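In the part that follows, the structures are each spelled out as structure tokens.
In the two complexes below, subunit A is the common chain; its partner is subunit B in one and subunit C in the other.
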Partner chain A sequence: MTNIYFGTESGNSEMAADDIGAEMEQLDRAARIIPMESADIAELAQQEFVILVTSTYGDGELPETTQPFYDALKARRPDLSNLRFAAFGLGDSTYETYGNGIDTLSRLMIELGARQVGDTGRHDAARNEPVAAVAKRWTQAIVPQVADSVTV
Partner chain B sequence: MPETAAKVAIVGSGPSGCYSAQFLRKAWPKAEITIFDSLPAPYGLVRYGVAADHQGSKAVTDQFDRLFQRESVGFAGNITIGADLDFQTLSRAFDVVVAATGLPHDRPLELDGDAGQCLIGAGALLRALNGHPDMDLPCVSEGNPRSLGSRIAIIGNGNVAMDAVRLLAKPLELFAGSDIDDDCLRAVRASGVREIAVFGRSAIQSAKFDLSMFKEVMALPNVGICFSGASDDDDCPALAAVRDMAAQKPAGAVKLHFHFRAVPRALRQAAKGLLLTVQQHSSLHEHAFDAVIAATGFVDKRSAGHPCSGASWSGRNVFRVGWLLNGGQGTVAANRKSAKAVTDAIVAAVNNGDLPLGAPGFAAVAGQIQHHLVDFEGWRRIDADERARCGPDRLRRKVPDKAAMIAVALAGTTPAAKKTA
Partner chain C sequence: MSMPAHQTSEALLPWRNPAFRANPFPWYDVLRREAPVYQDPSSPKTYNLSRYHDVAQFGKHPAMSNVAPDWVQRGPWGMFRDSVIVKDPPEHTALRRISNHWFTPKLARQWAEAATEEVNRVLDGLGPSGLTEAFRNLALMPSHHAMCRALGLPNDGYDTGSDYMRDAMIGLGAAISAEEEERCQVALTYLLDRVDHYLAEARKNPQPGAVSSWIELAANGTITDRQLREALLLFWASATPNAAYLITGGMEIFARQPEVLELWRTSPEKHPAILNEIARLHTAEMSIERFTTAPIEIHGVSIPAGSHIRFLIASANRDPEVFHDPHRFDLDRPAETPPHLSFGLGAHFCPGTNISLAETSAVFDTIAARVKRVELAGVPIYGHDDRSARYLRLPVRLVM
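Let's turn to the complex of A and B:
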């Protein structure tokens, strides 16, 4: 079972998380979608592999539901050295802080010892490609890389 | 959990209405949910408010499409509650009515004097640039808005003001990939915009714009920046940004002047345009403009009790959401929060017995409106038509005429073939 954590303000990251989960089910991997504001940090630290989905908000900041998740990780500093994660970010390249949200979160995860699997997925709202298509493609690229190193 | 499936009517298909449908669908997988809109096209301000060059912000419609395409939510477009269907009938037919009708008018300026046709609302301008069928700008002739001239004042400095600045200043070639109404854009900019002054009454650190919007406007390649009414004491990221930009590009084809701590007091017509009197720097200053744009918020100017005004609708099963509820605050994300709070309250009210279920739902009103309504398939035909009729540099070309939209929506259908959802 893979936990997919999402943080959102407009609901787009939740939609992306749903789409990633749906594609994983298509690829015979069970997935569970968890809003970051309900995330259990202790549970997260016990996982082998998780997926993180967030957008960027305001002036390069984290969405309202991602911020507490980030803050909790920063405060408790769990040892994530047994954790692998994949990261999918939503943003809008109209703004200079494009992609800051997912990058900020990924940096913290790595600082806490986690290892990133694959490239960070990026959906650019300014490019008119639906989230579903970008999320699906990314999931298809990530899952084989995970299967190699981790039991999912 | 109640046995009976709830029957929900949501009036208004903008963000707060669609998010309400989303949250209610999650709570009640079996509920009958119908979203009504007076226009044949859904999505409210996402389509007609969010600026045409901010397509990224319009991407939330992908979420909303799923309501209609996957989640069995019905779209009843081209139905005006209070006209095509009276509110009382609606309220009796449904267990729950969510009023998500927003605020249709620009807040009037409280200024002495008379500016006549040279004073327009920012909301009206943005709607017109977004191809709204009820285009509401002063016109030189049928459907042709008058030019705003070369010197333009904007009163208010929230995000809507920033949108207005950007849409009036931005080089035309940078509208590639947008869905701007080109006829309107060319008409309002016909004289060549040379100067835009933005007047905000607050200090810069309290200005209502989002910093990213302020920076976006200052980053335009053809603008020169200056500012007044801000000092070292107003230290904040916005001040750092405007100082930086003013130093880097003091001159440009379009001069942008941001006035802070500037309170407009009077506006009158003069020989060559308008004179705006502003209280700033401890005295009154007079500025000359060709047009003044009011960007000071939104209201409903209709009289109390107007049948089509969401503000007039009440009842035990009626819940307001979004701008109608909060007076016009916040963009898409804020209205999602509003929808979450309101729908949580609705679900709680049903669960603790305060709100009974058992109303007949859509079937009770279908006969009265079926011949008139545009369903989601009808909207998809409008959508396809708009994407097909635009040039290569545009995402779509909207039809700013309601009758024409309806004709496209109904093309190739017969009354018998039309479905509810």
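Let's turn to the complex of A and C:
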């Protein structure tokens, strides 16, 4: 079972997390979607592999429900050296701060010892492509990279 | 070097000209070409931006505020003093989050089930010729039902409500008459009275939904009573006609280009592209406005702080520099085509976007599932003013 944590301002990351979860089910990988505001940091630290999804808000800030998750990680500094994670961000490339949300969160994860699997997925609102299509393609690329060494 | 804005005695935006109101696009074409930063002769502190890239860039520029400076005569809409439409971040963010929680894409789909139910009711009641008026019956009322489900309010009273909302929107125009201003005042006064009525009912008999939660937030001091009333006025009264314009625009496209309805039916992966193209061509709020908090320069034109900027969204959405053959419904635009701006941009991006798209999808899904063809049963009647586009009637025959 893979935990997919999403943080959001207006609910689009929730849809992306659902799309990623649905694609994982298609690939016979069970997934659990967890809103970041109700995430248990101790439980996160015990996982082997998780997926993080967040948008960016305003001038490159974290969105409403990612912020408390980030703050809790930063305050408690769990040892994440046994954790691998994949990251998917939603943003708008017409802003200079495109993708800041997921990059900020990924940096903290790595600082705490976690290792990132694959490339950060990015949905760009400035491009004419639906979130679901981008999320699906990214999931298909990520899952085989995880399966090699971790029980998903 | 600073240059003067385009100034001429001939008005390039003849706000009250009926031909301009019916079809402003030929005027927008001239403006984008000849006067991309157009200083309005009727209002010298007002600058009109019409090119896509200018609207997209400066629409979210940090020097653009929603707070009007003192010189601006705000008219009847000046009653909005404490809601998302007249605030900037961070105050705007806090207010906006309160509504965002109720209008996520996921919840919006749930609310839109009410639109499906209403369309099914209309289809069940069709006469032998399958005639109906698509604007009210397949767009406005189904969307209102979805909004009321989100809010947790009864769905009555919107025939009068939407008529008055039209008067209110006309009052936002660039050059309104004294009579239009008076009608706008009457309309907003009526609509606020309905809001107070629904709030009183909801306090007596709370129903699940946004309104009950906002009432609690007002009771515990998170928001003020004024913010509660203004928010409800925006969501209950003003949101749905824009969604209804989008849906009706789609119905007209289904009638004129039956292959689009067929595509909706057979190719769900095309839904986002179909919605985007319908929304690009049907910009309900054709312009939005901001006020500069610092001097800025656009195309060599120096614009002082405290100026009024009008962003001509409908013009941007049909800028041929960005959208090749811009008046054509085209599902094969390249992936790098930037998005349409019909829902606005930046922090003030329309909070009703998700519910509006969910309502539209719900109506189109129901039509696609039950109706073979949509045919025009008469000439569409539009009621555009200089700022808002709308249908008054779209007579259709639904071939089941």
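By definition in this document, the second predicted complex is superposed on the first by the 152 of 152 C-alpha atoms of A that agree within 3 Å, B and C clash if a C-alpha of one lies under 4 Å from a C-alpha of the other, contacts with A are read in each partner's own complex, and residues count from 1 in each chain.
To be clear about the criterion, a contact is a pair of C-beta atoms (placed from the backbone, for glycine too) under 8 Å apart; a residue touches a chain by one contact, two chains touch by 3 or more.
In this text the structure is predicted, and so the values were computed from the model without any measurement.
Once the complexes are laid over each other on subunit A, subunit B and subunit C cannot both fit and instead clash. Applying the stated contact rule after C-alpha superposition, one finds that A:Pro144 touches neither subunit B nor subunit C.
In the superposed model, A:Asn12 lies in contact with both subunit B and subunit C. In the superposed pair of complexes, A:Glu96 makes contact with subunit B only, with no contact to subunit C. In the superposed model, A:Ala133 makes contact with subunit C only, not with subunit B.
Taken together, the two structures place residues 9-12, 15, 58-59, 64, 94-95, 125-126, 128, 130 of subunit A in contact with subunit B in one case and with subunit C in the other. Contact residues of subunit A toward subunit B in the complex are 9-12, 15, 57-59, 63-64, 92-97, 124-126, 128, 130-132. Across the complex, subunit B meets subunit A through its residues 19, 22, 53-57, 59-60, 62-63, 66, 177, 210-212, 215-216, 219, 237, 332-333, 336, 395. Taken in their complex, subunit C has these residues touching subunit A: 56-57, 60, 62, 89, 93, 97, 100, 103-107, 269, 272-273, 276, 333-339, 347, 354. Contact residues on subunit A toward subunit C in their complex (touch as defined above): 8-12, 14-15, 18, 58-59, 64, 94-95, 125-130, 133.
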